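Here the chain labels run A, B, C and D in written order, and each chain numbers its own residues starting at 1.
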Amino acid sequence: MTLKQEIITLNEERNVTLTAMIQSVEGEFSFKERPAVIVMPGGGYSFLSDREAEVVAYPYLAAGYHAFVLRYSVGEHRAWPNPLNDYEQAYAYIRARAEEWHVIMDKIAVIGFSAGGHLAASAATMAENRPNAAILIYAALDQHISSACQPGIEIPAPMDHVDGKTPACFLAASRDDMVVPISNTVHFLDELDKYGITYECHIYPFGNHGFSTGESYLNGELSSRTPHWVADSIAFLEDLFGKLTAEGMTTPACSPKQNANADETLSVKCTVGYLRQFTGKVPELIPYFEQVDELGDRLFGDAGASVADQLCFNVLFGMFGKSEEELQQMEERLRAIPNITDDAKR
Amino acid sequence: MTLKQEIITLNEERNVTLTAMIQSVEGEFSFKERPAVIVMPGGGYSFLSDREAEVVAYPYLAAGYHAFVLRYSVGEHRAWPNPLNDYEQAYAYIRARAEEWHVIMDKIAVIGFSAGGHLAASAATMAENRPNAAILIYAALDQHISSACQPGIEIPAPMDHVDGKTPACFLAASRDDMVVPISNTVHFLDELDKYGITYECHIYPFGNHGFSTGESYLNGELSSRTPHWVADSIAFLEDLFGKLTAEGMTTPACSPKQNANADETLSVKCTVGYLRQFTGKVPELIPYFEQVDELGDRLFGDAGASVADQLCFNVLFGMFGKSEEELQQMEERLRAIPNITDDAKR
Amino acid sequence: MTLKQEIITLNEERNVTLTAMIQSVEGEFSFKERPAVIVMPGGGYSFLSDREAEVVAYPYLAAGYHAFVLRYSVGEHRAWPNPLNDYEQAYAYIRARAEEWHVIMDKIAVIGFSAGGHLAASAATMAENRPNAAILIYAALDQHISSACQPGIEIPAPMDHVDGKTPACFLAASRDDMVVPISNTVHFLDELDKYGITYECHIYPFGNHGFSTGESYLNGELSSRTPHWVADSIAFLEDLFGKLTAEGMTTPACSPKQNANADETLSVKCTVGYLRQFTGKVPELIPYFEQVDELGDRLFGDAGASVADQLCFNVLFGMFGKSEEELQQMEERLRAIPNITDDAKR
Amino acid sequence: MTLKQEIITLNEERNVTLTAMIQSVEGEFSFKERPAVIVMPGGGYSFLSDREAEVVAYPYLAAGYHAFVLRYSVGEHRAWPNPLNDYEQAYAYIRARAEEWHVIMDKIAVIGFSAGGHLAASAATMAENRPNAAILIYAALDQHISSACQPGIEIPAPMDHVDGKTPACFLAASRDDMVVPISNTVHFLDELDKYGITYECHIYPFGNHGFSTGESYLNGELSSRTPHWVADSIAFLEDLFGKLTAEGMTTPACSPKQNANADETLSVKCTVGYLRQFTGKVPELIPYFEQVDELGDRLFGDAGASVADQLCFNVLFGMFGKSEEELQQMEERLRAIPNITDDAKR
């Protein structure tokens, strides 16, 4: 068999299970390990939707991934942080068997729907064991909806916990979602932007809540584009993780971060706008800013500065004919400065 | 010939032209008229990009649309509102020849790129002659970028002019756009949401600015999904306008508005949340709100109300077993109340 | 769990197994049963390729099918008809558990690759238990290749056994296949045509032999279209079986037969050309043929008759303004005549 | 304008026109010339279908091609070889203006539908100016249908004129075509195979005749795959011609020939089976054949020889550990032998 299904009870009392769907490596498959996805069904933390479980795993299995379905604490056991603890336990369990199962531990994506999207996004923003990508489908992300999922219990909203360690995210939802307002998805993009995190996002004009993979047997009326998120998310993971080939994973096409604004130290890969607040500590930056502002004024008038501000600082070295050596020196200089600032200015 | 190309000079002094690409109707084509698109190339109001002109029109022509390319005022003639006036003039010109050309005047979409996206979005939010849909590709929408396109000139930002008459919008951009920050696209969704306007949006993880249709001869590295926006936007127009078939246009699958919150009077199609502020004028609403709040509390705790608030009010009639007659009566009652309120609460 | 994997030993001595991948019905899935596919890996009857086994099942599982992988007799146990007997046994086994597993027994497709395609095509043309569709991927179909797979053993070629009971077929292969010549696929279409059997066929310009699902980790260089066969075959099954929806299977869009030329009796759905040889037994046909020939001559000259010959005879009734009643009478008349003729004239 | 439409009268008496749709090069388009397609509408040589004319050109324009629509001699002027002469004249006209229009003259594809497919295939098999690829959509290819299109006139069938100079072909049709039997497409593949010509072919299960590009406004019921032929044919041309990029055309992924069996001299790229008939003239071949036959017998029994026969002879050098030098010597030896043989043995 080239697929082994194993059901692991993680917590008998809370009825938490991890269904492992492990594919072969070696032999006719010429690579030695595979990336993996962990699927988290929705159900408002009241139940676990069968429509967002194994059926979600198949396309990722087809694309070469190992797949796990995490059936986390719901109903009477729902109280936060039980579900997040379930995720941490599942992650640790997978890590413990990674060698046996041939899992690439730094290429693990979580996929969550609705309340399962709340859990996946919590894993991405608050867990000790962060996944390497999060696929968030009509996910509950803001405080209102997070609280609505767990009435009477204090529960954090992933929206408020995005940080510099948050992995790249893929989001999809319907514009007419009547259960989780579309602002959950839209505002989350802004939070990711604050930390320069790479993302992909698709908002379909109709399809409401709960469309799962968009297969016709799971749904009523959907926009024709709604089912595309599945293949798109696989292509997104390929961009981010590389593509599984006969020779193993290729080099990724895309970095998980747009810039270094959320790193622990400064860097030439911070944006111009971000570095502006550090001229006190690094006065060598000033001539660059003056030059770029002058150029911006000439090209764009008053708005010039803001156009330049989102460039990564290292781009200026090329524009201004500076040498690779000067760039290296500046990088060393900046890497020595701790990146401590007011979050609002990121 | 089944395609006639005609180049119309709209303003000789400002070098404004409209290239009409008009397709046959009748004869072997069994329908009598066609919808249309108006393409507005980008170029920062300094020039007009050839890469965002006729090449954009082909897929819409293939889908059965008439296509126009508007070469509006740029360079020395760029000063606002020249470009918007060019649009108004183009629209009036098309209307004047609509019968001859067999154009369906209430199924016209504008398609704009970058600064052309600023113009298309201005047409959608500020023009006298609003189009029926706007396709905004890496469009300049906020004040900073709008001003950067026209240094020294006062120019409005479409972001600040979305209103209840804004048509449904389709937006696409790259998350790593270094010229027009992705917040232009993301924040515009929020503005559309305030007025309940239908939209579709795709943000690709990389591809920067200026990818046009995503064809390989126009670009360097793009995400594999980037070129999908073209077919997706055609499908969006089909959802919105109906599909051109041998028998003419089909019934649309999708309404341009999510609710009636931005109509001139109240309606049962306003959302629950929106109608809450009118209980003074329509006390008959109160029992419905009480009932839905009680239900929400029971299901979702404190957050219950906010979950219900985005439902269209008419949905409650079904939930609470009310008759079609009661719904009609309430609609008459509400339609008599002018929809005057504080915009911030929409 | 919504997927149950079970490995059934069908023949311990010959190491024949059936891996069942059974999905849930009822509950959140609102339908009561599912169609199924049986996958037959290739390997020249010497071994069973892991690259054409479970990995093939995933897309059909995603589309709502139950999936089975049949590991039939190979190597020392390969001698024909062992593999075909394995299929018959697998089919009987599935039928015995169809109620328990909720399998729609008249919506079962076989999917075979290379030598597995020989077996799948043998099931479709020679088995007692015919499947309802056959998906034949770079399948070994003619006598030369069939014999090459089983040196020294007498083995029939599916090419020579197509008959009126053969189900609709889907075929895909590479034009540059160096192992199984493309004529295996091309000539099989002619055999299907003789019996009026519905088919779909895709031949890709390069990709050689053994591309399986076309996933990059299974292959080297392929044409960009090669991986499309998987989704295309699912759409073909939808056309033929109907589509699985929340309410069960829809009505098929497509008939498994083009005409009734291979039925046991004559019918108005036989083609004009086929019925011409029965004017002795049914002289009432003659006036129709005279009228259509006259029309053909006028429109197409000498070749007129051959153009009309492939029309189903019932089409003439509409063309010649005959009533539905006359059509019914003719159908009764023809259904009484046994369809006995020289095969070469079908 | 980046598109110039020009209508050229090629033959006033016969009402023959060439509509040129010429796109810009240079400037913002960084390449210097473009490949081209020539579209030939169908209509049984009685008329020219508007549904298979400019509407077909758009997707190729979008892909970067120049496009021409040839309105050839029909109706009273239909008599063969008028239409083929029109093609030759059109080709010569394009060549005369190739420099002005920036056409890559060795990357020209013809696209023909039905009777236009007869003309396109005639151009590919019988013209003095052969195109570099032929896209044949529900094309009339055999003698019966060719004659049916031109009653009373002697007209050749492309089926009977495939030769070693025939370019690579892309074919698409419906299995249930009631006007041009599917055998026209299927049997043409066999003719291409005789000369080792590269092809791609898609046969859809339903859609009848005349589906053009498959757009909904041109059709009734089609299989969901039918419209795919357009994008597939563009990808096929990319494989064959290379892809248009900002830097010009890339290297093709695919050769127009599978082997050299139809070249003017022998070559190591002839197939083993083909070279077998030349052992009299080139006895050095004999040891290779003996070795491969022995191997074939061992692996495949009686059928062994036929399996090896389709390999290109040069592949054996690698299999048998021969040096690149030996391969070169054999190539020189074979290139000196004229390829004269009985066509039936190709």
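Just so we're on the same page, contacts are C-beta pairs under 8 Å (C-beta built on N, C-alpha and C of every residue); 3 or more make two chains touch, one makes a residue touch a chain.
Being a predicted model, the structure only gives us computed values, none of them experimental.
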Shortest chain-hopping distance from subunit A out to subunit C: 1
Chain of greatest Cα-centre distance to subunit D: A
Centroid distance [mean C-alpha coordinates] between subunit C and subunit B, Å: 47
Between subunit B and subunit D, centroid-to-centroid distance (C-alpha), Å: 44
Distance from the mean Cα position of subunit B to that of subunit A, given in whole angstrom: 29
Pairs of chains satisfying the touch condition: A-B, A-C, B-D, C-D
Touch list for subunit B against partner subunit A, complex: 144-145, 147-152, 168, 175-176, 178-179, 181-183, 186-187, 189-190, 193, 198-206, 221, 223-225, 228, 232, 235-236, 239-240, 253-254, 258, 299-304, 306-307, 310-311, 315
Interfacial residue positions of subunit C with respect to subunit A in the complex: 1-3, 5, 7, 19, 23-24, 27-29, 31, 49-51, 53-55, 58-59, 61-64, 213, 215-220, 243-246
